[in-house]
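Structure in C-alpha coordinates, see below.
Which chain is which? They are A, B, C and D, in the order written, and residues in each are numbered from 1.
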Amino acid sequence: MSKEITYQRKVNFYETDAQGVVHHSNYLRYFEEARGFLLEHLGYPYYKMHNEGLFVVLVEASLRIKHPLRYQDYFDIDIKIYVENAYSFCFDYVVRVEDTLCAKALTKHCFLKDNALIKIPKHILKIIDDR
Amino acid sequence: MSKEITYQRKVNFYETDAQGVVHHSNYLRYFEEARGFLLEHLGYPYYKMHNEGLFVVLVEASLRIKHPLRYQDYFDIDIKIYVENAYSFCFDYVVRVEDTLCAKALTKHCFLKDNALIKIPKHILKIIDDR
Amino acid sequence: MSKEITYQRKVNFYETDAQGVVHHSNYLRYFEEARGFLLEHLGYPYYKMHNEGLFVVLVEASLRIKHPLRYQDYFDIDIKIYVENAYSFCFDYVVRVEDTLCAKALTKHCFLKDNALIKIPKHILKIIDDR
Amino acid sequence: MSKEITYQRKVNFYETDAQGVVHHSNYLRYFEEARGFLLEHLGYPYYKMHNEGLFVVLVEASLRIKHPLRYQDYFDIDIKIYVENAYSFCFDYVVRVEDTLCAKALTKHCFLKDNALIKIPKHILKIIDDR
(Lines give C-alpha, C1' and ligand atoms only; values in the text may rest on other atoms or scores of the structure.)
Protein backbone atom coordinates (compact mmCIF):
# COMPACT_ATOMS: atom_id res chain seq x y z
CA MET A 1 0.00 0.00 0.00
CA SER A 2 1.33 3.38 -0.87
CA LYS A 3 1.06 6.49 1.22
CA GLU A 4 -0.01 9.62 -0.51
CA ILE A 5 -0.63 13.30 0.00
CA THR A 6 -1.10 16.49 -1.99
CA TYR A 7 1.51 19.25 -1.80
CA GLN A 8 0.50 22.77 -2.83
CA ARG A 9 2.78 25.39 -4.27
CA LYS A 10 2.87 28.60 -6.27
CA VAL A 11 5.33 29.23 -9.09
CA ASN A 12 7.96 31.87 -8.31
CA PHE A 13 9.17 34.29 -10.95
CA TYR A 14 12.82 33.15 -10.65
CA GLU A 15 11.71 29.64 -11.59
CA THR A 16 10.59 30.75 -15.05
CA ASP A 17 12.83 30.99 -18.11
CA ALA A 18 12.91 33.09 -21.27
CA GLN A 19 10.28 30.83 -22.86
CA GLY A 20 7.92 32.22 -20.22
CA VAL A 21 7.38 28.87 -18.46
CA VAL A 22 8.91 27.09 -15.47
CA HIS A 23 12.34 25.77 -16.40
CA HIS A 24 12.08 21.98 -16.47
CA SER A 25 14.95 21.54 -13.96
CA ASN A 26 12.75 23.14 -11.30
CA TYR A 27 10.24 20.27 -11.35
CA LEU A 28 12.91 18.15 -9.65
CA ARG A 29 13.18 20.84 -6.98
CA TYR A 30 9.41 20.92 -6.48
CA PHE A 31 9.45 17.13 -6.07
CA GLU A 32 12.10 17.37 -3.37
CA GLU A 33 9.85 19.80 -1.48
CA ALA A 34 6.91 17.41 -1.89
CA ARG A 35 8.99 14.49 -0.54
CA GLY A 36 9.93 16.49 2.54
CA PHE A 37 6.28 17.37 3.03
CA LEU A 38 5.15 13.74 2.75
CA LEU A 39 7.88 12.41 5.06
CA GLU A 40 7.02 15.04 7.63
CA HIS A 41 3.38 14.04 7.33
CA LEU A 42 4.37 10.38 7.90
CA GLY A 43 6.14 11.46 11.10
CA TYR A 44 9.60 10.87 9.73
CA PRO A 45 11.13 14.20 8.67
CA TYR A 46 14.63 14.34 7.17
CA TYR A 47 16.28 15.66 10.31
CA LYS A 48 15.36 12.42 12.11
CA MET A 49 17.20 10.49 9.42
CA HIS A 50 20.18 12.78 9.66
CA ASN A 51 20.23 12.33 13.43
CA GLU A 52 20.40 8.58 12.82
CA GLY A 53 23.29 9.05 10.36
CA LEU A 54 21.13 8.09 7.38
CA PHE A 55 21.21 9.80 4.01
CA VAL A 56 18.74 9.41 1.21
CA VAL A 57 20.11 9.72 -2.30
CA LEU A 58 18.23 10.04 -5.55
CA VAL A 59 19.37 7.38 -8.03
CA GLU A 60 16.77 7.79 -10.77
CA ALA A 61 14.30 10.35 -11.98
CA SER A 62 11.96 10.47 -14.93
CA LEU A 63 9.72 13.32 -15.91
CA ARG A 64 7.07 13.87 -18.57
CA ILE A 65 5.84 17.41 -19.13
CA LYS A 66 2.38 17.71 -20.69
CA HIS A 67 1.54 21.31 -20.01
CA PRO A 68 4.27 23.57 -18.65
CA LEU A 69 3.65 25.52 -15.46
CA ARG A 70 3.69 29.32 -15.75
CA TYR A 71 4.50 32.22 -13.46
CA GLN A 72 2.11 32.52 -10.54
CA ASP A 73 0.33 29.23 -11.30
CA TYR A 74 -0.95 27.57 -8.17
CA PHE A 75 -0.32 23.88 -8.59
CA ASP A 76 -0.81 20.61 -6.74
CA ILE A 77 1.56 17.69 -6.60
CA ASP A 78 -0.11 14.40 -5.74
CA ILE A 79 2.76 12.36 -4.34
CA LYS A 80 2.89 8.67 -3.37
CA ILE A 81 5.67 6.68 -1.76
CA TYR A 82 6.18 2.96 -2.25
CA VAL A 83 8.85 0.38 -1.61
CA GLU A 84 10.46 -1.17 -4.67
CA ASN A 85 12.72 -3.76 -3.11
CA ALA A 86 14.87 -4.26 -0.02
CA TYR A 87 17.17 -1.43 -1.09
CA SER A 88 15.11 1.10 -2.97
CA PHE A 89 11.91 3.04 -2.66
CA CYS A 90 10.11 5.32 -5.07
CA PHE A 91 7.88 8.34 -5.22
CA ASP A 92 5.52 9.11 -8.01
CA TYR A 93 4.16 12.54 -8.75
CA VAL A 94 1.25 14.03 -10.64
CA VAL A 95 1.47 17.79 -11.14
CA ARG A 96 -1.84 19.56 -11.74
CA VAL A 97 -3.21 23.09 -12.04
CA GLU A 98 -6.76 22.38 -10.94
CA ASP A 99 -7.90 19.64 -13.36
CA THR A 100 -5.21 20.19 -15.97
CA LEU A 101 -2.50 17.53 -15.91
CA CYS A 102 0.83 19.36 -16.16
CA ALA A 103 3.44 16.68 -15.54
CA LYS A 104 4.03 13.16 -14.29
CA ALA A 105 7.20 11.90 -12.71
CA LEU A 106 8.89 9.17 -10.75
CA THR A 107 12.01 9.22 -8.59
CA LYS A 108 13.88 6.30 -7.03
CA HIS A 109 15.99 6.54 -3.88
CA CYS A 110 18.33 4.54 -1.68
CA PHE A 111 19.74 4.86 1.81
CA LEU A 112 23.39 5.47 2.60
CA LYS A 113 25.03 5.02 5.97
CA ASP A 114 28.74 5.82 6.38
CA ASN A 115 28.77 6.32 2.61
CA ALA A 116 27.70 2.74 1.95
CA LEU A 117 24.43 1.53 0.45
CA ILE A 118 22.26 -0.19 3.06
CA LYS A 119 18.92 -1.96 3.03
CA ILE A 120 15.96 0.22 3.93
CA PRO A 121 16.06 0.23 7.75
CA LYS A 122 13.17 -1.75 9.27
CA HIS A 123 11.74 1.13 11.30
CA ILE A 124 11.55 3.19 8.12
CA LEU A 125 10.08 0.34 6.11
CA LYS A 126 7.32 0.20 8.68
CA ILE A 127 6.59 3.88 8.16
CA ILE A 128 6.60 3.95 4.37
CA ASP A 129 5.06 0.53 3.69
CA ASP A 130 2.43 -0.71 6.14
CA ARG A 131 1.00 -3.66 4.26
CA MET B 1 22.82 7.73 -37.71
CA SER B 2 23.21 9.83 -34.65
CA LYS B 3 25.41 12.86 -34.27
CA GLU B 4 27.58 13.04 -31.23
CA ILE B 5 30.08 15.20 -29.42
CA THR B 6 31.69 15.56 -25.99
CA TYR B 7 30.95 18.61 -23.86
CA GLN B 8 33.36 19.49 -21.07
CA ARG B 9 32.48 21.28 -17.87
CA LYS B 10 33.64 21.92 -14.33
CA VAL B 11 31.35 21.75 -11.31
CA ASN B 12 30.65 25.13 -9.69
CA PHE B 13 30.32 25.49 -5.94
CA TYR B 14 26.77 26.87 -6.14
CA GLU B 15 25.72 23.66 -7.90
CA THR B 16 26.50 21.55 -4.82
CA ASP B 17 24.13 20.89 -1.94
CA ALA B 18 24.49 20.16 1.77
CA GLN B 19 25.23 16.49 0.99
CA GLY B 20 28.44 17.77 -0.60
CA VAL B 21 27.55 16.66 -4.13
CA VAL B 22 25.97 18.29 -7.19
CA HIS B 23 22.24 18.68 -6.62
CA HIS B 24 20.51 16.30 -9.03
CA SER B 25 18.41 19.08 -10.60
CA ASN B 26 21.59 20.58 -12.02
CA TYR B 27 22.22 17.61 -14.30
CA LEU B 28 19.25 18.81 -16.38
CA ARG B 29 20.95 22.20 -16.63
CA TYR B 30 24.23 20.65 -17.70
CA PHE B 31 22.35 18.71 -20.39
CA GLU B 32 20.82 21.91 -21.72
CA GLU B 33 24.31 23.37 -22.05
CA ALA B 34 25.47 20.23 -23.85
CA ARG B 35 22.53 20.42 -26.29
CA GLY B 36 23.39 24.02 -27.11
CA PHE B 37 26.98 23.01 -27.68
CA LEU B 38 26.04 20.13 -29.99
CA LEU B 39 23.53 22.20 -31.99
CA GLU B 40 26.11 24.93 -32.45
CA HIS B 41 28.59 22.30 -33.60
CA LEU B 42 26.02 21.04 -36.14
CA GLY B 43 25.73 24.59 -37.48
CA TYR B 44 22.26 25.13 -36.12
CA PRO B 45 22.45 27.20 -32.91
CA TYR B 46 19.29 28.09 -30.99
CA TYR B 47 19.23 31.71 -32.16
CA LYS B 48 18.71 30.48 -35.74
CA MET B 49 15.64 28.57 -34.59
CA HIS B 50 14.37 31.59 -32.74
CA ASN B 51 14.88 33.74 -35.81
CA GLU B 52 12.70 31.25 -37.69
CA GLY B 53 10.03 31.45 -34.97
CA LEU B 54 10.73 27.90 -33.81
CA PHE B 55 10.84 26.80 -30.19
CA VAL B 56 12.14 23.53 -28.85
CA VAL B 57 10.44 22.20 -25.75
CA LEU B 58 11.51 19.38 -23.49
CA VAL B 59 8.71 16.86 -23.10
CA GLU B 60 10.52 14.03 -21.33
CA ALA B 61 13.65 13.49 -19.30
CA SER B 62 15.06 10.49 -17.50
CA LEU B 63 18.20 10.41 -15.42
CA ARG B 64 20.14 7.69 -13.64
CA ILE B 65 22.89 8.77 -11.23
CA LYS B 66 25.60 6.20 -10.57
CA HIS B 67 28.28 8.30 -8.96
CA PRO B 68 27.42 11.86 -7.98
CA LEU B 69 29.57 14.70 -9.25
CA ARG B 70 31.41 16.75 -6.63
CA TYR B 71 32.68 20.31 -6.32
CA GLN B 72 35.42 21.13 -8.81
CA ASP B 73 35.08 17.83 -10.68
CA TYR B 74 35.95 18.18 -14.33
CA PHE B 75 33.46 16.08 -16.21
CA ASP B 76 32.58 15.09 -19.77
CA ILE B 77 29.14 14.69 -21.25
CA ASP B 78 29.03 12.47 -24.32
CA ILE B 79 25.89 13.64 -26.07
CA LYS B 80 24.09 12.16 -29.10
CA ILE B 81 21.08 13.43 -30.99
CA TYR B 82 18.67 11.21 -32.89
CA VAL B 83 15.25 11.47 -34.46
CA GLU B 84 12.47 9.44 -32.84
CA ASN B 85 9.60 10.07 -35.19
CA ALA B 86 8.17 12.83 -37.38
CA TYR B 87 7.47 14.98 -34.31
CA SER B 88 10.09 14.21 -31.73
CA PHE B 89 13.83 13.91 -31.36
CA CYS B 90 16.00 12.79 -28.48
CA PHE B 91 19.38 13.33 -26.92
CA ASP B 92 21.17 10.81 -24.84
CA TYR B 93 23.91 11.64 -22.38
CA VAL B 94 26.72 9.84 -20.62
CA VAL B 95 28.35 11.83 -17.83
CA ARG B 96 31.88 10.80 -16.93
CA VAL B 97 34.78 11.96 -14.76
CA GLU B 98 37.60 10.42 -16.73
CA ASP B 99 36.66 6.72 -16.90
CA THR B 100 34.16 6.76 -14.06
CA LEU B 101 30.56 6.62 -15.23
CA CYS B 102 28.66 9.23 -13.21
CA ALA B 103 25.24 9.39 -14.85
CA LYS B 104 23.20 8.44 -17.90
CA ALA B 105 20.24 10.32 -19.21
CA LEU B 106 17.82 10.83 -22.06
CA THR B 107 15.70 13.81 -23.02
CA LYS B 108 12.94 14.05 -25.64
CA HIS B 109 11.95 17.24 -27.42
CA CYS B 110 9.41 18.68 -29.86
CA PHE B 111 9.12 21.78 -31.98
CA LEU B 112 6.54 24.49 -31.44
CA LYS B 113 5.63 27.21 -33.90
CA ASP B 114 3.02 29.82 -32.95
CA ASN B 115 2.46 27.74 -29.81
CA ALA B 116 1.40 24.67 -31.83
CA LEU B 117 3.21 21.37 -32.12
CA ILE B 118 4.70 20.92 -35.59
CA LYS B 119 6.60 18.17 -37.38
CA ILE B 120 10.35 18.49 -37.25
CA PRO B 121 11.06 20.98 -40.07
CA LYS B 122 12.79 19.33 -43.06
CA HIS B 123 15.87 21.55 -43.05
CA ILE B 124 16.42 20.63 -39.40
CA LEU B 125 15.78 16.95 -39.99
CA LYS B 126 18.56 17.11 -42.56
CA ILE B 127 20.94 18.52 -40.00
CA ILE B 128 20.19 16.19 -37.13
CA ASP B 129 19.57 12.98 -39.09
CA ASP B 130 21.65 12.47 -42.22
CA ARG B 131 20.98 8.79 -42.91
CA MET C 1 5.48 56.31 5.11
CA SER C 2 6.59 52.86 4.22
CA LYS C 3 4.38 49.83 3.91
CA GLU C 4 5.56 46.68 5.58
CA ILE C 5 4.72 43.04 6.12
CA THR C 6 6.36 39.81 7.27
CA TYR C 7 6.85 36.97 4.81
CA GLN C 8 7.41 33.47 6.19
CA ARG C 9 9.36 30.72 4.50
CA LYS C 10 11.16 27.46 5.13
CA VAL C 11 14.57 26.65 3.68
CA ASN C 12 14.53 23.93 1.01
CA PHE C 13 17.33 21.39 0.74
CA TYR C 14 18.18 22.38 -2.85
CA GLU C 15 18.87 25.92 -1.62
CA THR C 16 21.79 24.75 0.53
CA ASP C 17 25.36 24.34 -0.65
CA ALA C 18 28.31 22.13 0.30
CA GLN C 19 29.11 24.46 3.23
CA GLY C 20 25.81 23.25 4.71
CA VAL C 21 24.13 26.67 4.58
CA VAL C 22 21.82 28.48 2.17
CA HIS C 23 23.80 29.63 -0.85
CA HIS C 24 23.93 33.42 -0.70
CA SER C 25 22.43 33.82 -4.20
CA ASN C 26 19.17 32.39 -2.88
CA TYR C 27 18.58 35.35 -0.58
CA LEU C 28 17.84 37.40 -3.69
CA ARG C 29 15.27 34.80 -4.67
CA TYR C 30 13.66 34.88 -1.24
CA PHE C 31 13.44 38.67 -1.51
CA GLU C 32 11.65 38.39 -4.84
CA GLU C 33 9.08 36.11 -3.21
CA ALA C 34 8.67 38.60 -0.36
CA ARG C 35 8.13 41.48 -2.84
CA GLY C 36 5.41 39.52 -4.61
CA PHE C 37 3.79 38.79 -1.26
CA LEU C 38 3.87 42.45 -0.20
CA LEU C 39 2.56 43.74 -3.55
CA GLU C 40 -0.27 41.23 -3.45
CA HIS C 41 -1.05 42.37 0.09
CA LEU C 42 -1.14 45.98 -1.14
CA GLY C 43 -3.68 44.94 -3.78
CA TYR C 44 -1.31 45.36 -6.66
CA PRO C 45 0.04 41.93 -7.71
CA TYR C 46 2.52 41.62 -10.56
CA TYR C 47 0.00 40.30 -13.06
CA LYS C 48 -1.87 43.62 -12.84
CA MET C 49 1.33 45.44 -13.81
CA HIS C 50 1.89 43.04 -16.68
CA ASN C 51 -1.68 43.60 -17.87
CA GLU C 52 -0.88 47.31 -17.94
CA GLY C 53 2.31 46.64 -19.93
CA LEU C 54 4.52 47.63 -17.00
CA PHE C 55 7.69 45.82 -16.01
CA VAL C 56 9.62 46.22 -12.80
CA VAL C 57 13.36 45.75 -13.03
CA LEU C 58 15.86 45.40 -10.25
CA VAL C 59 18.67 47.94 -10.64
CA GLU C 60 20.48 47.59 -7.32
CA ALA C 61 20.79 45.07 -4.52
CA SER C 62 22.86 44.96 -1.39
CA LEU C 63 23.01 42.16 1.13
CA ARG C 64 24.71 41.66 4.48
CA ILE C 65 24.72 38.15 5.93
CA LYS C 66 25.14 37.95 9.71
CA HIS C 67 24.12 34.40 10.43
CA PRO C 68 23.56 32.07 7.47
CA LEU C 69 20.27 30.23 7.12
CA ARG C 70 20.40 26.44 7.28
CA TYR C 71 18.37 23.56 5.90
CA GLN C 72 14.83 23.46 7.29
CA ASP C 73 15.15 26.77 9.09
CA TYR C 74 11.84 28.56 9.33
CA PHE C 75 12.58 32.21 8.75
CA ASP C 76 10.82 35.55 8.58
CA ILE C 77 11.50 38.38 6.18
CA ASP C 78 10.30 41.77 7.41
CA ILE C 79 9.92 43.72 4.19
CA LYS C 80 9.19 47.42 3.67
CA ILE C 81 8.58 49.35 0.47
CA TYR C 82 9.34 53.05 0.03
CA VAL C 83 9.65 55.55 -2.78
CA GLU C 84 13.12 56.95 -3.43
CA ASN C 85 12.41 59.49 -6.14
CA ALA C 86 10.14 59.99 -9.13
CA TYR C 87 11.75 57.04 -10.91
CA SER C 88 12.83 54.55 -8.32
CA PHE C 89 11.48 52.73 -5.29
CA CYS C 90 13.15 50.46 -2.78
CA PHE C 91 12.48 47.52 -0.53
CA ASP C 92 14.37 46.77 2.60
CA TYR C 93 14.54 43.38 4.22
CA VAL C 94 15.39 41.94 7.61
CA VAL C 95 15.78 38.17 7.66
CA ARG C 96 15.28 36.50 11.05
CA VAL C 97 15.02 33.04 12.55
CA GLU C 98 12.91 33.92 15.57
CA ASP C 99 14.98 36.61 17.31
CA THR C 100 18.25 35.90 15.55
CA LEU C 101 19.13 38.45 12.89
CA CYS C 102 20.31 36.49 9.85
CA ALA C 103 20.60 39.08 7.11
CA LYS C 104 19.73 42.60 6.05
CA ALA C 105 19.25 43.77 2.51
CA LEU C 106 18.01 46.49 0.22
CA THR C 107 16.90 46.40 -3.39
CA LYS C 108 16.10 49.25 -5.75
CA HIS C 109 13.73 49.04 -8.70
CA CYS C 110 12.43 51.00 -11.67
CA PHE C 111 9.52 50.74 -14.07
CA LEU C 112 9.86 50.02 -17.77
CA LYS C 113 7.17 50.49 -20.37
CA ASP C 114 7.88 49.57 -24.00
CA ASN C 115 11.48 48.98 -22.88
CA ALA C 116 11.91 52.58 -21.74
CA LEU C 117 12.39 53.86 -18.22
CA ILE C 118 9.30 55.71 -16.99
CA LYS C 119 8.38 57.62 -13.84
CA ILE C 120 6.56 55.58 -11.24
CA PRO C 121 2.93 55.68 -12.50
CA LYS C 122 0.68 57.78 -10.27
CA HIS C 123 -1.81 55.05 -9.44
CA ILE C 124 1.09 52.90 -8.24
CA LEU C 125 2.67 55.74 -6.31
CA LYS C 126 -0.61 56.06 -4.47
CA ILE C 127 -0.48 52.41 -3.49
CA ILE C 128 3.13 52.25 -2.35
CA ASP C 129 3.43 55.70 -0.82
CA ASP C 130 0.35 57.12 0.89
CA ARG C 131 1.84 60.01 2.82
CA MET D 1 47.94 46.66 -4.80
CA SER D 2 45.06 44.62 -6.06
CA LYS D 3 45.29 41.53 -8.20
CA GLU D 4 43.05 41.34 -11.20
CA ILE D 5 42.00 39.12 -14.06
CA THR D 6 39.21 38.81 -16.64
CA TYR D 7 36.84 35.84 -16.51
CA GLN D 8 34.88 34.95 -19.63
CA ARG D 9 31.51 33.27 -19.71
CA LYS D 10 28.47 32.69 -21.88
CA VAL D 11 24.90 33.03 -20.62
CA ASN D 12 23.02 29.74 -20.35
CA PHE D 13 19.33 29.51 -21.19
CA TYR D 14 18.39 28.26 -17.70
CA GLU D 15 19.86 31.46 -16.26
CA THR D 16 17.26 33.61 -18.01
CA ASP D 17 13.82 34.43 -16.65
CA ALA D 18 10.43 35.25 -18.14
CA GLN D 19 11.54 38.88 -18.70
CA GLY D 20 13.97 37.43 -21.25
CA VAL D 21 17.11 38.47 -19.35
CA VAL D 22 19.48 36.82 -16.86
CA HIS D 23 17.77 36.60 -13.48
CA HIS D 24 19.63 38.97 -11.16
CA SER D 25 20.39 36.23 -8.59
CA ASN D 26 22.65 34.57 -11.15
CA TYR D 27 25.13 37.45 -11.13
CA LEU D 28 26.14 36.32 -7.64
CA ARG D 29 26.77 32.86 -9.09
CA TYR D 30 28.84 34.25 -11.92
CA PHE D 31 30.92 36.17 -9.38
CA GLU D 32 31.58 33.00 -7.42
CA GLU D 33 32.91 31.41 -10.60
CA ALA D 34 35.10 34.44 -11.22
CA ARG D 35 36.51 34.27 -7.67
CA GLY D 36 37.43 30.63 -8.14
CA PHE D 37 39.09 31.51 -11.42
CA LEU D 38 41.11 34.35 -9.89
CA LEU D 39 42.18 32.32 -6.84
CA GLU D 40 43.29 29.48 -9.09
CA HIS D 41 45.22 31.98 -11.15
CA LEU D 42 46.92 33.27 -7.96
CA GLY D 43 47.96 29.70 -7.17
CA TYR D 44 45.59 29.33 -4.27
CA PRO D 45 42.53 27.34 -5.39
CA TYR D 46 39.69 26.62 -2.96
CA TYR D 47 40.65 22.98 -2.43
CA LYS D 48 43.93 24.12 -0.87
CA MET D 49 41.97 26.20 1.63
CA HIS D 50 39.70 23.26 2.38
CA ASN D 51 42.72 21.02 2.91
CA GLU D 52 43.92 23.55 5.48
CA GLY D 53 40.50 23.52 7.20
CA LEU D 54 39.74 27.07 6.07
CA PHE D 55 36.39 28.26 4.82
CA VAL D 56 35.64 31.51 3.07
CA VAL D 57 32.23 32.99 3.71
CA LEU D 58 30.53 35.83 1.91
CA VAL D 59 29.40 38.49 4.39
CA GLU D 60 28.37 41.30 2.03
CA ALA D 61 27.41 41.77 -1.57
CA SER D 62 26.26 44.74 -3.56
CA LEU D 63 25.22 44.78 -7.18
CA ARG D 64 24.23 47.45 -9.65
CA ILE D 65 22.73 46.33 -12.95
CA LYS D 66 23.04 48.81 -15.82
CA HIS D 67 22.25 46.67 -18.80
CA PRO D 68 20.91 43.17 -18.18
CA LEU D 69 22.66 40.20 -19.76
CA ARG D 70 20.65 38.16 -22.26
CA TYR D 71 20.61 34.57 -23.45
CA GLN D 72 23.80 33.59 -25.27
CA ASP D 73 25.58 36.83 -24.48
CA TYR D 74 29.31 36.36 -24.18
CA PHE D 75 30.42 38.49 -21.29
CA ASP D 76 33.59 39.42 -19.40
CA ILE D 77 33.96 39.90 -15.70
CA ASP D 78 36.92 42.05 -14.71
CA ILE D 79 37.59 40.96 -11.15
CA LYS D 80 39.98 42.42 -8.55
CA ILE D 81 40.82 41.20 -5.07
CA TYR D 82 41.98 43.46 -2.24
CA VAL D 83 42.42 43.32 1.50
CA GLU D 84 40.09 45.49 3.57
CA ASN D 85 41.41 44.89 7.05
CA ALA D 86 42.95 42.13 9.16
CA TYR D 87 39.75 40.11 8.95
CA SER D 88 38.11 40.84 5.64
CA PHE D 89 38.92 41.00 1.96
CA CYS D 90 36.90 42.12 -1.02
CA PHE D 91 36.43 41.49 -4.68
CA ASP D 92 35.09 43.99 -7.12
CA TYR D 93 33.55 43.13 -10.45
CA VAL D 94 32.80 44.85 -13.70
CA VAL D 95 30.56 42.89 -16.06
CA ARG D 96 30.82 43.79 -19.73
CA VAL D 97 29.60 42.60 -23.10
CA GLU D 98 32.41 43.96 -25.22
CA ASP D 99 32.40 47.68 -24.40
CA THR D 100 28.94 47.82 -22.88
CA LEU D 101 28.96 48.06 -19.11
CA CYS D 102 26.36 45.61 -17.84
CA ALA D 103 26.88 45.53 -14.09
CA LYS D 104 29.18 46.48 -11.24
CA ALA D 105 29.47 44.68 -7.96
CA LEU D 106 31.42 44.18 -4.79
CA THR D 107 31.57 41.26 -2.37
CA LYS D 108 33.21 41.05 1.05
CA HIS D 109 34.49 37.85 2.63
CA CYS D 110 35.96 36.44 5.83
CA PHE D 111 37.76 33.30 6.86
CA LEU D 112 36.34 30.70 9.22
CA LYS D 113 38.30 27.95 10.93
CA ASP D 114 36.49 25.47 13.18
CA ASN D 115 33.42 27.67 12.70
CA ALA D 116 35.14 30.71 14.24
CA LEU D 117 36.10 33.93 12.51
CA ILE D 118 39.88 34.23 12.14
CA LYS D 119 42.25 36.85 10.82
CA ILE D 120 43.28 36.39 7.21
CA PRO D 121 46.08 33.81 7.48
CA LYS D 122 49.51 35.30 6.71
CA HIS D 123 50.37 32.97 3.84
CA ILE D 124 47.11 33.95 2.17
CA LEU D 125 47.62 37.63 2.86
CA LYS D 126 50.90 37.30 1.02
CA ILE D 127 49.13 35.87 -2.01
CA ILE D 128 46.27 38.33 -2.23
CA ASP D 129 48.08 41.48 -1.14
CA ASP D 130 51.70 41.86 -2.16
CA ARG D 131 52.31 45.51 -1.38
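Following the convention adopted for this analysis, a residue touches a chain if its C-beta (ideal position, glycine included) is under 8 Å from a C-beta of that chain, and two chains touch if they have at least 3 such contacts.
Computed from a prediction, not measured in an experiment: that's the story for all the values here.
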{"item": "Chain C against chain B, contact positions shared by both copies (same if over half, else different)", "value": "same"}
{"item": "Chain located farthest away, centre of chain D as origin (C-alpha)", "value": "A"}
{"item": "Whole-Å gap separating chain C and chain D, where each centre is the average of the chain's CA atoms", "value": "23"}
{"item": "Chain centre separation in whole Å, for chain C relative to chain B (CA means)", "value": "34"}
{"item": "Approximate Å spacing (C-alpha centroids) for the pair chain A, chain C", "value": "29"}
{"item": "Residues of chain B touching at least two other chains", "value": "13-14, 25, 29, 32, 71"}
{"item": "Chain contact graph, described as a line, ring, star, complete graph or other shape", "value": "complete"}
{"item": "Contacting residues of chain B [partner chain A, same complex]", "value": "19, 24-26, 28-29, 32, 55, 57-65, 68"}
{"item": "Chain A - residues contacting chain C, complex", "value": "12-14, 29, 32-33, 36, 45-47, 71-72"}
{"item": "Contact set on chain A toward chain D in their complex", "value": "13-14, 16-18, 20-21, 23, 25, 71"}
